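Can you read through this structure? Questions will come right after.
Going by the order they are written in, the chains are A, B, C, D, E and F; count residues from 1 in each one.
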């Protein structure tokens, strides 16, 4: 029962479906484990809660980086 | 200072108390470490953010799986 | 398909069995979800990789804390 | 800079390459973020450290489940 | 591309900036890797979702512990 | 009891001490919580288990990226 966590931007429902489907198929193919055994967690992170290169993502985006 | 993470459905407060208590007692017993050293994080996950068997949990629940 | 992560000391196999069993039963009872849906990861952490109160756990243990 | 964690069986190097490539392409497509921004962690978990349905995975595999 | 996760109380924006900056500088210094390669996730946890010593943090705070 | 996870390269013991100390002091200052309440996990990740920009880190390092 492998498990996949995705920390990234909030997605629309249709994009979530695509991502869960493609992650599961890729991982099933690489491991030889049936798709039914996979669990995927999509954990949306706000630019207010992420730092990249020492800067808050909100600030980087405002500054056009 | 062991740490336990629970990714699962949102729970009522009384259920949270029970889960934190039982997780901590079980882990204290298995490790021989005092209950005071344990931290438990209950991380509620929405069916909109979880995929099982390649499908969004919301869709599976709607389809009666 | 809820998921539980345990970051703590390495355990003997029999203790692992007990911990997986008790975590799963507790979480099943609190959530009303069948035990078969739960996955537990026991992630052993060495005292060389843990800090408590700003000190490496190895150093704290040597100093009798 | 989204981040993907995969908890699953140890893989051969070529399978790791495939999985990192396909996870990154899928996530880039779903989010519209450039592939260069993605980090993937493959965290191999031993059947000795995983519980499914309340049983140690090692025991389940031995019993043919 | 190292990654840092912080599970703790919700912070004001200025405190988030300070924490991201100091975590990144500390980790860059210890590893010799450029600050630009680091990602930090600040994951706010409510006292309603944390257990310490077997008790819900909300209850401990109410009881003055 | 906030918790910090660091996924990055294996470090020498003295660097681990520095990192645990500086993470804890930074986080204590930003939150106003005593240093004694913080737990830090240093989770070493091999270049064989990390993907950046869709490539295995081992391969990127060999290619001088």
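As a working rule, a residue touches a chain if its C-beta (ideal position, glycine included) is under 8 Å from a C-beta of that chain, and two chains touch if they have at least 3 such contacts.
Everything numeric here is computed off the predicted structure, so don't read it as measured data.
*Asks:* Based on which chains touch which, give the shortest step count from chain C to chain E.
*Replies:* 2
*Asks:* Measuring centre to centre, with centres taken as mean CA positions, what chain is farthest from chain E?
*Replies:* Measuring from the centre of chain E, the most distant chain centre belongs to D.
*Asks:* Between chain E and chain B, is it the same set of residue numbers doing the touching on each side, over half shared, or a different set?
*Replies:* Chain B and chain E contact each other through largely non-matching residue numbers.
*Asks:* Could you give the separation in Å between the centres of chain A and chain F, each centre being the mean of its C-alpha atoms?
*Replies:* Taking the average C-alpha coordinate of chain A and of chain F, the gap between them is 21 Å.
*Asks:* In angstrom, rounded to a whole number, how far apart do the mean CA points of chain B and chain F lie?
*Replies:* Those two chain centres are 25 Å apart.
*Asks:* Could you list the positions in chain A whose residues touch two or more of the other chains?
*Replies:* Where chain A meets two or more other chains at a single residue, that happens at 1, 3, 7, 16, 23, 39, 41, 50, 52.
*Asks:* With chains as vertices and touches as edges, which is it: line, ring, star, complete or other?
*Replies:* Shape = other; not a path, cycle, star or full graph.
*Asks:* Which of the chains touch, listed as pairs?
*Replies:* In this structure, the chains touch in these pairs: A-B, A-C, A-D, A-E, B-C, B-E, B-F, C-D, C-F, D-E, D-F, E-F.
*Asks:* Can you check the complex and tell me which residues of chain F touch chain C?
*Replies:* Touch residues, chain F against chain C: 13, 16-17, 20-21, 23-25, 28, 35-44.
*Asks:* Which residues, counting only chain F, touch chain E once they are in their complex?
*Replies:* Going by the criterion above, the answer is residues 1-9, 11, 15-16, 18-19, 22-23, 26-27, 29-31, 33, 45, 50, 52.
*Asks:* Quick check: in the complex, which residue numbers of chain E touch chain B?
*Replies:* Touching chain B from chain E are residues 7, 45, 48-56, 58-59.
*Asks:* What residues of chain A sit close enough to touch chain C in their complex?
*Replies:* 1, 3, 39, 41
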